[in-house]
Amino acid sequence: MSAAHSQNLNVLLQEIEGIHLTHHNPRRLRADIAAEALPALLALLRGRASYVHLSAISCVDWIEENQFELVYHLWSYETSVLISAHIRIPREPGIYLSVFDIYTPAAFFERDIHEMFGVYFEGSPDMSKFILTEWNGPPPMRKDFNSEKWVMETFSWQEYHPDWLKDLEEQGGGIVSTPESIRMDNK
Amino acid sequence: MNQLDTLLLISLITALISGLGRRHQLIGWATAILLTVQFLALLSISSLGYGGTVIESAVNLTILGQPLSWRFDGLSWFFALITIGAAMASSFFAAGIWAKKYKKHGGNPGLLQFAMSLNVFTMLVLLASGDLLSLFIGWELVSWASLLLMVLAGGIATQWGLRYIVYATAGAMSILAGIGIIYHLTGSFAYADLAAAASTFSTTHVVVLSLLFIAGFGVKMGLLPFHLWQAGAYAETPGPGSAFLGAISSRMGLYAMLIVVFQLIGLGKMIAVEIPFTFLSLRDLLMWVAAFTIIFPTYTALRQNDARYLLAWHGIGQGGYMMMGLLLLDPVGSAGGLLHVFNYATNQAALFLAITAVVYRTHTADLNRLGGLVNRMPLTFLVLLVGIIGLAGIPPMNGFVSKWLIYRSLIIEGMPLLFVATVIGTLGTILSVYKLIHNTFLGQLRLEHEHIREVPWSMLAPMLVVATIIFITGFMPGLVLDWVASAQAALGFTPLAYTLGGVETARGSLDMIWLCGVLFGGFGVGALLFYGGGNKAKRVHQLDNYAGGHFLTADTRYHYSNNFYAGLMHHIGGWYRGTFKWLESSLISIVSLLSGLTQILFHSYHPALFLLITATLSLYFFIG
Amino acid sequence: MQVTLLTIMEVILMPIVAFIIGLFMVLMMRKLAARLQRRVGPPLFQPLFDIVKLYGKQTQISHGMIHDIGIIMAVGGYVAAEALLPVPGMDGIAAKGGLITLAYLTMVPSLGLALGVGQCANPNGSIGISRALTSMLAYDIPFIIVIFGVAYQFSSTNLVDIIATQQAGGFSTWGISEMPVLAVAGLFAMHASLGKQPFEIYIAPAEIATGPMVEMGGKFLGGLFVMQSFQLYTASVLYVSLFLGGGENWITFLLKSFGVLAIPVVIAYLFPRYRTDDLVRLVWKWPVMLALIGIAFVMN
Amino acid sequence: MSNTDLSNIEVNQKPVAKRSNPFANVFNELVSFCRSRSMFMLHYCTGCGAIELPPAMTSRFDMERLGIQPMVTPRQADILLITGYVSIKTLKRVILTYEQMGAPKYVIGICSCTVNGGMYWQSYATAKKLDEYIPVDLYIAGCMPRPEAVIEGLQQLMAKIKTDEANSWKKYYEHYDYYLGNQQHLFGNNWQTPTDIIGEAKTYQLEGPNTLGEHTKILESVQRPLEPLEMKL
Amino acid sequence: MRPENYQAVNHPPSNEYELNFGPNHPGIEGNYALKVKLQGDTVVEARADAGYLHRGFEKLMEDRLWIQNISLVPRICVPDPVPMEVCYSLAVEELAGLELPERAQWLRVLQLELSRIAAHLFYFGGHAATTGMYTPMYWGVADRDLLLDLFEELTGGRVYSIYNMPGGVRQDIPRGFLQRLSDTLDYIEGRLKDYDNLFFTNQIFVKRAKGIGIISQEQALEWSVTGPNLRACGLEFDVRRDDPYLIYDQLKFDIPTEHGGDAWARTLVRRLEMVESISIIRQVIKALPDIKGPVRTPIPNPLAWRVPAGDSYARVESSKGELAYYVVSNGGDKPYRVHIRGPSAMHAVQVLEKLAVGCRVEDVAQTMFSLDACPPEVDR
C-alpha cells in the first residue's frame, strides 16, 4: 500500500466515530467499530475509498460474552488492502441491519448467518431458509447447540464387527489387522 | 317430381319444420331424423356416385325471360353427400344432451338446428344449379344462410359474421360482374352456351373472367388473400355448427369454382396464359396461390392458443390442398383434390365435435387452460386422435390417401417447389395438431378437471361414427374413389384408375389395405413385445414423476403448453409479425384509396364526366 | 395366392432381419464413439443385453394407457416401415407403398412416441417432444426434396424400381453418381433425422434430462432401444437404396449400410449440439440449398 | 431410534424353485446374465465420491467395457451409487429416487461415510447408516475409493446379480415397515413419497410379513391419496 | 415431505410452468438444484436450492484439533481440494506466527498449480458435456488422471492429498518426481492442441458459448464475482499477484483476461490459465532443486497444540476464484470459529440466479457450468 493511499484512507476513516484501527500486516487492516456506525463506515468505504468488493461476512458466536461478532471483510482492488470491520451485537435478540443496499453479495452471507446463527438482518431481501430447509432444530452454528449430542440421540450406529464381516474374514478378507494389533506391532 | 325434387323438397321441409317448431328438444331430434331422410333420399340417387347420368329437376322457372334450371350430376352428388353427412353428424350431436347445456347458457338450440338445416337446403340448391343464374341465386342463399349460423352466438361472433358478410358481398359482386360479362359475351346464362362460347374467348376475357370468378368464389373458400374472415367466423360458431361449417361450407366455393372456372371456362386456356415478366402461366399462379393458402394459414394455426381457432385455420389451409390437387389437372391429382374434400370434411367434423365435447365439459377451449384429459375423456381423445392423424395426413387414416395422390401427381408433373410447399404445410399441420392434442389431452391434469367425466353417448355416438368413417375410408379408399371418379367424369377429367386399396400404377402405387395390414401387424408385434415381454406395468400418479429428484407439488403447474414450439418460434416467429394484419390493412387501404379517388373524381368534376369516363373505360375494356 | 403367402413371409422376416442388423448398428455406433474417445467400448452383445435386461425388469411404471400405446406405436411403426424397405432377395410390400408412404410411415413412430411422452406429464418430456417435432420439421424439408429428386430421376416412387434401375447400370447409374449434390443433402438430412450431435436437441441430457425418455423405464425404455436400432437401420438402408444402388447381395448391402451410417456417427461425437433455432436455421439453409441445386440438375 | 436391526434378518430367500421347464430356467438365467452385463447407473452425485466416477467411466478405466453406462433419470437406471455422505436433505431425494427406480435395483454405498457416517460422524446434517433407510447391496469403503476399487466393486455386484444374490431390493418391499419407520424417525411422521411402495409390493407379489406394520399405519393416517389417474368412461 | 402439497388447489392462471434442474440432473454440477419457472422456453425466474451437500464443516471444525482439521478441509471442494488445505494452513500459520520454510512454499505452489490444471481439465469436460459433446469430457478426465497419479506419488492420495499442514508440507518430494512431472506436463501441453481443435475452436461450441450468461464489468464488481469469471469480464485481478501469498511474487506469470464476460470468455480464460500454470510449474521445477532446507517447521505436540488467541483472514486463488478462510482462535486446542468463503458461494447462488433469468432452457446448464460453480463450497 502506497503511503498516499494509506494517508487518504486514514483521513477518511477518522470520519467515523469510535473507530479503532489495527494493522496486522501491510495488507490487512482491522477496524473495530460500534455496531451503529458500521453502515456509515461501509457506505464510506464503498463510496469514497474504492472498497467495492465484499469478500465475506463472518459471524462469531461469543457465548460467554453473550455477543455475536460480525466481521465484514472488504477488499479494494486499487489499494490492495483488506479491511475487516468488526462489530459486536448482543446475542439476544440478535437483530442487526442488512447492508444489502451497500453490498449486493451481503444478501447471501446474511441469509447464511441467519440460518446458521439465527441473527436476523432487517432489510435483507430474503431471509428464508436456504441450506437447512429440512432442519427444524436450533441454528446449528450457535455454540450452545451440541451437534454430537444431537447425533447420538438421533442416529444409531453400524456394528463394527457384524456377521457378514466374519464370513469375509474366514475367506481371508475383511479387516486383516485391527487397530489394536497395529499399535502392538509398532511397539 | 323426380328423386332430385324429392330431395330438395325434403330439405326444404326440414328447414321449415326446424324453423317453425317451438320445443328445441323435439326440433333437434326431428331435424336430425329428417336429415337422415334426406340422406336416404340422396342415397336413392346414388347411381350418380357410380357414374350415372345427370338428373334434371322437374322444376323450371323463367325469370325475366331467363330460364332457371336445376340438375344433379356426379360432382353435385359427391358434395351433397358430404354436406348432408356433416349436417347429420352435427345435428345428432347437437340434438341430445348438448342442447340442454347450450340452452342453459343462453343459446337457442332450435335456432341452431334451423340454421343448419337451412344451410343444407341452400347448399343443395347451389349444388343443383343448372345455369349461371341459379348458381348465383344458390350462392347468395348459401352466403346468407351461413351468416345466420355464424352470428348465432352473438358477441364477438357477430363481429366476425359482419366481417364475413363484407367479404362475401364483395365476392358476390365480383361473381356478378363475371356473370354480367359472360352474359354480355354469350347472351345466355346456360352452362352449355358458356362452354360452347368459351373456346372463342380472347385471352383478356379468360384472364378477367377467371380472376373475377376465382376471387369471388375464393372468398368463400378462404383462398389467400381472402381468408381473413374465415377462422374467426367458423371458430365462434356454436360447437356443432362450427363442425358443419368447417367440414363443408367453404367447399361450396370450390364447387362453384369447379363448375365455372374448371368446367366451363376451362383450365386448358389458363395454362396458355403467360403472366408477363414471369415464367408462370395463370394456372401456375393459381397453384402458388393454393400453395400459400396451404402454408400461411397452417402456420398461423401453429400459433393459436384456442383449439377452435386452431382447427378453423387448418380449415383454410386444407382448402389449399384441394385447390392444388384439382389444378394439377391429371387424374391422380384431381382425384386427390376431390378425395381430400371428403377426407377433410370427415376429419374436421370429428375434430370440431371432439373439441366441442371438451368445451362441453371444461367450458374452455383455451389450450393453456386444459391438459391431461385423456384419463377423463378417453373416447373423445380417441376421436380427436383419429381426426388429427387424418388431418395431418399420416397413415393409416384417410387424409394420407388424398395427400399421397396429390404428392404423387406433383412428382409426376415435376413440380418440386410446389411439392415442397405442400410438404411444409403437412409438417406444420403435424406440429400444430400435436400441440392441440398435447395441450388438451396429454400432460398434467388440472385440478379443476379432476372430477369431469366422459361426454354422454348422444354426443359420443356421432363422433365415433365419423371417426369410424375416417378409419374405414383410410383402410379402403376405393370406397370413396368410386364417387370421386364419377365426380371427375362429371367435371370432364379422366377418371382415376383405382383399386379398393388405393391406386395401382406401374411406377409407384399405393395399397392401403396392405399398408394398414402391415402397420397394424407392426402394432401387433409392438403390443406383443410390450405386453408379452416383461412384467405388467403399474400405473402411477402423475406426481410420481422425475423432477431432478424433487418432490412435485399439486399446486404447481408443470404442463408446458404456452408457446409450445418456442425453439422454432425463435427462428420463424419474426416472420409472423403482423403479416396478416398487414395484409388486411393493405387490402382495406387499397379499397379506400380507390373509393376515395373515385369520390374525389365524382365530387370535383362534373358527375356526368365521371360517368362518361367510367363508361368509356369499361366499354373499352370489355369490347376492345 | 402363392405370391401373397410369400409376401407375408417376407413381411414377417424383414423386420427381424432389420432388428438384428440394427442391433449391430447400435453396437457399431457405440464402438466408434469409444474409439474416438480412446477407450474400448462395449462388448459385442451389449445392445442385446440392454434390451433383454430392460424387458426383464421386475417393476414397470406406466403413466397410463397412452404411455403404453406410445411405445407400441413407436416400435410397431418401424416394424411396419421395414416391410417397405427392400433388402437383397426380399421386396416385401415395397411396391405397394413406395417412397412417399415410407417417408410418412416413419413419422408414425415419432408421433406415437410423442403421444406416449405427452401422457407422462413431465415438462422435460414435453419440451423434448416440442424440440423433436421442430427438428423433424427442419430435416424433413431437405429430405422430402431429396425424395422428390430421386423419384423424379427414376420417374418412380417405387423403391424396387429405383433399386433395379440403379443396379442395372452399375455404379454410373447409382444415385450418388447421377445426383451427387442430392446425395450430399440426403446425407445431411439423414444425419439430422438420426438425432445425433449436432442435431441432438431433443435428447439433450444436460438441458432436459433426455427429453422424451425421461419417464421411460423398463420395457418402455427397452421399446425405445428397439426403436433406435430400427431407426438406424431404416435411415441407412433408405439412403443406400436411394443413392448407393441398394444391395446386390447381402455382403455389399451390409457394407454399404454400415459404411453410410459410420459417417454421421463419427461426425456426431466430435460436435456439441445446436440450439433449437440454430438447428432449424442451419438445416433450412445448407441442405435445402444443396437439395434445390440438386433438383435443378435432376430436372434438366 | 430404529426398532429392529435388520442386518441379521435374512431376506426372505425363497430359492427360486427350479421350474420343471428347462427353457424357463434358461430364460431366467439369461435375464439374470443380461442384468449383470447391462447395468445403468444413475447420474446422481450425492457426495464427494462422485469425483472418482468420471475417471471410472471415461477413457482410462472405461466402465462401458462392462456394460455400465450412466443414465439420467431414476426410471431408466438400475444402480444407485450413493457416493459418500448423504445429508438429510439429500437422503429424502435419494429415497424418492430409489423408490422411482424400477426393480431389480441395486444400491452401492461408495465411501466410508455411507457405512457409518465416516468422518462426519458427529455432523448434525448427515445421515449415518445408509442401510437403515434404503437397503444396500454392496459397500465400497475408502475415502474415497479409487476407480479401480469402484470397478472391482461393480464387478462383484455383477457376480452377485448373475447368481441372483443381489436381492436387497426385495428387502425393501418385504421390510418396508422397518425402512419407513427409520425414515419417519428422521423426517417426522408426515413423511410421504409419491411412490406407492405398498401398492407396488401388492401388484408384484413382493409383500412379506413385515411389509405392513405400525409405521405404515402412521403413513396411511397422514397420507394424501396419490392414486393413479384411472381412465374413466 | 410436505404432504399438504399433494392437496388440491387450483392452478394459478398463468402460463408459466416449473422445471427442476437437479439435484439428480446431468445439467447441474454436483448435488445442487436450480428451480426455474419458464415461459415457453425462456426462464422468467430462477431459484437456487442448496444444502444437499451440507455437512456443517464449520461446526465440525470447532470440535476438532487444529491439526485434525487438515483432513477435513479438502472435502469442501472436491474437484480442486489443494487450495483448501493451503488456505487453512496459511490462516493457522498466521495466527500461530509460524514461519514457513521456503521449500515448503515452493512445494505448495507446485501443488496449487497442479490442482488448478486438474480442475480446469475437469471443467472443460463438464462444460463440453452440457453442450452435448462428450469426447472432451472423456479425454479431459483421462488426462486429469495423469495429474492425479502425480498427486498420488507426491502425497499418497489421489484426490484428497492432506499434504499441507500448518508449518509446511508433510514430506519432501520422491526421487525422480520432478522428471515425471515434467514429462506429464509436456504431454498435457501437447494435448492442448487436440483440445483446441476439438473443443475450443469448434465452431458450434463457439456459437453456443458466445453471448451466454453475459456479466458486465459493473455487474461483476457488484456481485463480487472473482477468479476466472471476473477476469473474463476484462478485469485483471488475481489474488496470486495482488494479494500475494507463498512465493507467488517471485514467479513470473501473466494474468489472462478476456472481454465479453460470457461463457465463451470464461472458458477461454481458463484455457489460457492452464498454460500459465504449466509455466509456473516449470519455474518451480527449475527452482526447486536449488532450494534446500526443511519442508516443515515443526510444531509442538500436535495433539495438544494451542494456537494463540486472535483471528486471521487468509485468501488464495483457487481455480474457481477467491477462496478465503476466516479463522478465530480463543487460545484453545481447537479453532473457535472457522468461516469459509468459497468462491462458488457467490457464483452458484446470486450470480447464477440473475444470469439464468431471460436465458433459454438450452443455456441454463451451460451458464452454470461456465461459471464453474462448485456446490459443496456453497453448502460447506
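Order of writing sets the chain letters: A, B, C, D and E. Residues in each chain are counted from 1.
Quick note on the criterion: a contact is a pair of C-beta atoms (placed from the backbone, for glycine too) under 8 Å apart; a residue touches a chain by one contact, two chains touch by 3 or more.
Keep in mind that this is a model prediction, so the values were computed, not measured.
Colleague: Hey, what chains does chain B share as contacts with chain D?
Modeller: For chain B paired with chain D, the chains in contact with each are C, E, in label order.
Colleague: What chains touch chain A and also chain C?
Modeller: Looking at chain C and chain A together, the chains touching each of them are D, E.
Colleague: As a test of understanding: of all chains, whose mean C-alpha position lies farthest from that of chain E?
Modeller: B
Colleague: Highest contact-pair count belongs to which two chains?
Modeller: Looking across every pairing, the one with the most contacts is B-C.
Colleague: By CA centroids, point me to the most central chain in this structure.
Modeller: So the chain sitting closest to the middle is C.
Colleague: Considering only mean CA positions as chain centres, point out the chain farthest from chain A.
Modeller: Max centre-to-centre separation from chain A belongs to B.
Colleague: Whole-Å distance, chain C centre to chain D centre, using C-alpha means?
Modeller: 36
Colleague: Provide the C-alpha centroid distance between chain B and chain E, rounded to the nearest whole angstrom.
Modeller: Chain centres of chain B and chain E, defined by C-alpha means, are spaced 64 Å apart.
Colleague: What whole-number Å value describes the gap between the mean CA coordinates of chain A and chain B?
Modeller: 72
Colleague: Send over the residues of chain D in touch with two or more other chains.
Modeller: 43-44, 58-60, 72-75, 89, 92-93, 97, 100, 122-125, 187, 193-194, 200, 203-204, 226, 228-229, 231
Colleague: Among the residues of chain A, which ones contact at least 2 other chains?
Modeller: Chain A, residues with two or more chain partners: 132-134, 140, 147-148.
Colleague: For chain E, give me the residues that contact two or more of the other chains.
Modeller: 1, 6-7, 17-19, 23-26, 38, 41, 51, 54, 56, 59-60, 63, 138-139, 142, 360, 362, 379
Colleague: Where do chains touch, given as pairs?
Modeller: Contacting pairs: A-D, A-E, B-C, B-D, B-E, C-D, C-E, D-E.
Colleague: Okay, in this complex, where on chain A does chain E touch?
Modeller: Residues 24, 27-28, 52-56, 58-61, 71, 73, 75, 77, 80, 82, 84, 103-105, 107-108, 112, 116, 130-134, 140-141, 147-148.
Colleague: Provide the residue numbers of chain B that touch chain D in the complex, in ascending order.
Modeller: Of all residues in chain B, those touching chain D are 372, 374-376, 378-379, 445, 453-454, 535-536, 538-546, 549-552.
Colleague: For the complex, which residues does chain C have touching chain B?
Modeller: So the residues of chain C touching chain B come out as 11, 15, 54-66, 68, 71-81, 83-84, 93, 95-101, 104-105, 107-108, 111, 114-115, 118-124, 126-127, 129-131, 133-134, 136-137, 140-141, 144-145, 148-149, 151-152, 155-158, 161, 201, 209, 214-215, 218-220, 222-223, 226, 275-277, 280-281, 292, 295, 299.
Colleague: Okay, in this complex, where on chain E does chain C touch?
Modeller: So the residues of chain E touching chain C come out as 17-19, 25-27, 38, 41, 128-135, 138-139, 142, 198, 202, 204-205, 207-208, 360-366.
Colleague: Per the contact definition, I'd like the list of chain D residues that touch chain B in the complex.
Modeller: 44, 73-75, 92-94, 96-97, 100, 193-196, 199-200, 203-204, 226-233
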